[in-house]
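You will see two complexes here that share subunit A, one where it goes with subunit B and one where it goes with subunit C.
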Partner chain A sequence: MTTAVYDYYVLFPNHQEGLRLYRKLKENSIKCSISPTPREASSFCGMSLLVSAENVGAVKKVLAGDNSIQTEGIVKIKRRTALWNKTC
Partner chain B sequence: MADYRKMWSDLEMDLEKHDLLCEALPEAFGAIYMSQENRPEGMDFFNFVVAEIHGVRPAELVEHQKKGGKVFGTFCVYVPDEIIFAAGGIATGLCGGSQFWVPGGEKVLPANTCPLIKASVGARLDDTCPFFKIADMYIGETTCDGKKKAWEILSQEVPIHVMDTPQMKREKDILAWEEEIRLLFKKVEDLTGNKVTPEILAENIKLINEKRKALARLYSTRKNSPLPISGKDVLLVTQIAFYDDPARNAAMVHKLCDELDARIAKGEGVFPADAPRILVTGTPMAIPNWKLHHIIETSGAAVVVEELCTGTRYFENLVEENGKTLDEQIKALAGRYMQTNCACFTPNAERIDDILRLVKDYQVDGVIDCNLQFCGLYSTEAYLVQQALKEAGVPYLHLETDYSEQDMEQMRTRVQAFIELIGK
Partner chain C sequence: MGKTIYLDNAATTWPKPEPVYRVMDNYNRKIGANPGRGSSSKTLEATSVLLDTREALAKLFNIAAFSRVVFTKNITEALNTVLKGYLKPGDHVLTSSMEHNAVARPLHTLREKGVAVTYLTCAPDGSLYPPDLEKNWGKNTRLVCILAASNVTGTIQPLQEVGQICREKGALFVVDAAQGAGNIPLDVQEQNIDVLAFTGHKGLFGPQGTGGFYIRPGLKIRPLIEGGTGSSSTETRQPDFLPDKYESGTPNTPGIAGLGAGVNFIQKTGLTVIQEHEKNLMDRLISGLQSIRGITIYGPADSRRQTPVLSLNLAGLECGELSFLLDENFGIITRSGMHCAPLAHKTIGTLGQGTCRVSLSYFTTKEDVDIFLEAILKIGNFYFNL
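Right after this comes the complex of A and B.
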């Protein structure tokens, strides 16, 4: 049986805020990826930042140090396997 | 999260139905794309485009219209974007690649119509795609019978200008295509109210050529082993090139290529160096159709090049930039577009030459020729493709599929057996 892996999604009120944090994390060499927001995380479409468990603490630190970036929280979601057959 | 509901509502979209698509896309993208290991950072821009797919770019198009600009929806690589941009319009690709839109198309189309046409018609009739709602005019073409009849149905919804694509490539056919470009020229000038001068057309020929050069550079990185980028990612970049702003798109593709060049220099790849190298050919894969690439790349092989409309057919061959008069420029456009080798032409031996050339250039171990169901042109031409590849000693697999999930495991079994057969 494989162990479940969890990802963290940082949510934003709009993509401008998302891109601000993205640039800030890159400046600080903190790994993150721009991702569509999964429905489990929010009922609104749009971008979020996908962060692995090992980096979520660093992201929280950056946010604590710069309260001008608006977020709508960080959501923890179980990662899907790449073999999951899904089209849309 | 971003709220585009006001814009969608102003576009008279079916918000409830559209929300089902918004729900499905992140799930599929997460499983197919975000699950990949060691993706280039430069893919973040393209992830962003997908995340905001019905938001950011549609909002730019609406803004363009508010300033008096026009938006032209296109469905085929034979439509010369240069003319549209030169007249101050924006061209945006409209091909539907989602199963979500298929039932909407089936309400009016025969069941034995290809899913690309069904999805394209369904996206409009179900009011679930902002791009289809925004476009002031659609530019159709006569590259297959299904599309020809679909334009007649869609013309009840939105003005359509149909370009009569020749079916052969004799001198008189190329002249006829020149004439079709002139008719488009006039149509676009009339709708936009803008006069196109040779100077403006020259600028826009260069603009679209630059986009082609950026894509050509991206594809060239895949001639290396190990591969610096997955086939899935390159497919996504190509799909997005059809509707993003051309200058921005070229810049972002070059940025990605800089990163890939650094990877190549370090010998860094996304697959093991001995992963079988697959060329995919056949019918176009409109966004979000990532089905075949996903199956191949989760079965131990890598897609290294696509001889598709969403592949080399889109960017190979540049338009000659030295034309000084509109006549010379239109001739150059006709010449370039008639070098694209679609199965709607007879004979179409040049497509087979292209495949054989790409097999060599990209060190291909096997070819997967996949056509969408009910595409008589590509499924018939598969016989000749298979014959040529057999003669050249290149392993070949023919598949036929649609956009649904129902045959994914059968396809996976066939692809896995093929990869085993290549036996690298």
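Right after this comes the complex of A and C.
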């Protein structure tokens, strides 16, 4: 039986905030990937940042240190297919 | 992975014709002045740019007086200017269930201020049935606003029939030509169009930050923005003559220069040539997709009834996933989601899931379409073989 894999998606009100966090994470050498937002995340913005379980703690720390970046939370979603070419 | 294959021309066309880049660069390097401000030789060169582009657009849309062509920063500003500048509480508007948010959002706000809005339900393929206008016509119906073609399904709307009804019944006919201008013939005389709103950066091949509208003589529409126009400068009252009434502040002159070059490219190439090329590609795309297992195509699936825009889904995948895979693994750019048109998605039955939209241009090749079809097939086969 395959172990379930979970991905973390940081949600945003718009693309601008997503890009701001993406740049901040890159500056801090934290791996992440710009991703379409999965439907089950129920976000109004089609873009989210995909982060692995190993890195989500670091992402939360960055957000805590810069409260000017607006997010709509971080959702944990079970990876459904192996088709995703995960780059985070 | 090879070159990028750009299939998101409904969002913005890319690439642009080479003259567009050259003309904008030339404007910025060699001309650079502010049009309509003063009377220096440089200013006159800058003013000529606006004049030439107005003339080019007037010719393309069969507009008799080019001064009736107004520039705005985009079509959304044009539509907001017209809808908010014309309608008053108590008025009734007829529009369609395929409209983009550039129409739906200002109408939403106007509805809250006492304007009645009726959304005519289009068929699942996106097409509007003109007799529905007469069934829903009220004594206060003052304006009909319809898109020329859907940005989700490409469905071309029956503008001539709608225009005829509006003319007979005495309501303003406003056309949102964001999709369609530069792809299909638009004729303000033949189609009885009172206001034609256009964007510069899609089918007209101009840069982003350009757009505008044509307004028929005799229409009174309040301007959205007022300010310096370089005319009537002894007065603080906004001028009442066109195009100054609606063009306050410094325009995007290099952008308008580029737009002029884009329109000239269309005229030089021939709109029928462009249309034929896009139609042939759409035939190839549609027939290829129809033979792939798990594909749902939305809209007419008929190149004669749609612009080079098509929405699809692949069974079992979210549309966002499909676009992501096409981009990451094949270098193919598409757009997935709601396309700023929730009404359209509700009409075609995809409000919960969205669609993956593919949109071609004159610069798309047969090879691009074939590579896209191959990629969809590979993704579909991989998924179905899991």
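Following the convention adopted for this analysis, the second predicted complex is superposed on the first by the 80 of 88 C-alpha atoms of A that agree within 3 Å, B and C clash if a C-alpha of one lies under 4 Å from a C-alpha of the other, contacts with A are read in each partner's own complex, and residues count from 1 in each chain.
In this section, contacts are C-beta pairs under 8 Å (C-beta built on N, C-alpha and C of every residue); 3 or more make two chains touch, one makes a residue touch a chain.
Computed from a predicted structure; not experimentally measured.
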Which of subunit B and subunit C A:78 touches, first, second, both or neither: neither
Touching partner for A:39 - first (subunit B), second (subunit C), both, neither: both
Winner by number of subunit A residues touched, once subunit B and subunit C are compared: B
Partner chain in contact with A:13 - subunit B first, subunit C second, else both or neither: first
Shared contact residues on subunit A - subunit B and subunit C: 35-39, 46, 81-85, 87
Complex interface listing, subunit A residues touching subunit C: 35-39, 46, 81-85, 87
Complex contacts: residues of subunit B adjacent to subunit A: 1-4, 21-32, 34-36, 39, 41, 43-45, 47-48, 50-52, 54-56, 98-100, 288-291, 298, 403-405, 408-409
Subunit C - residues contacting subunit A, complex: 317-318, 320-321, 323-325, 328-329, 336-338, 352-354, 379, 382-383, 386
Subunit A residues within the subunit B interface of the complex: 11-15, 19, 22, 26, 33-39, 42, 44-48, 50, 72, 79-88
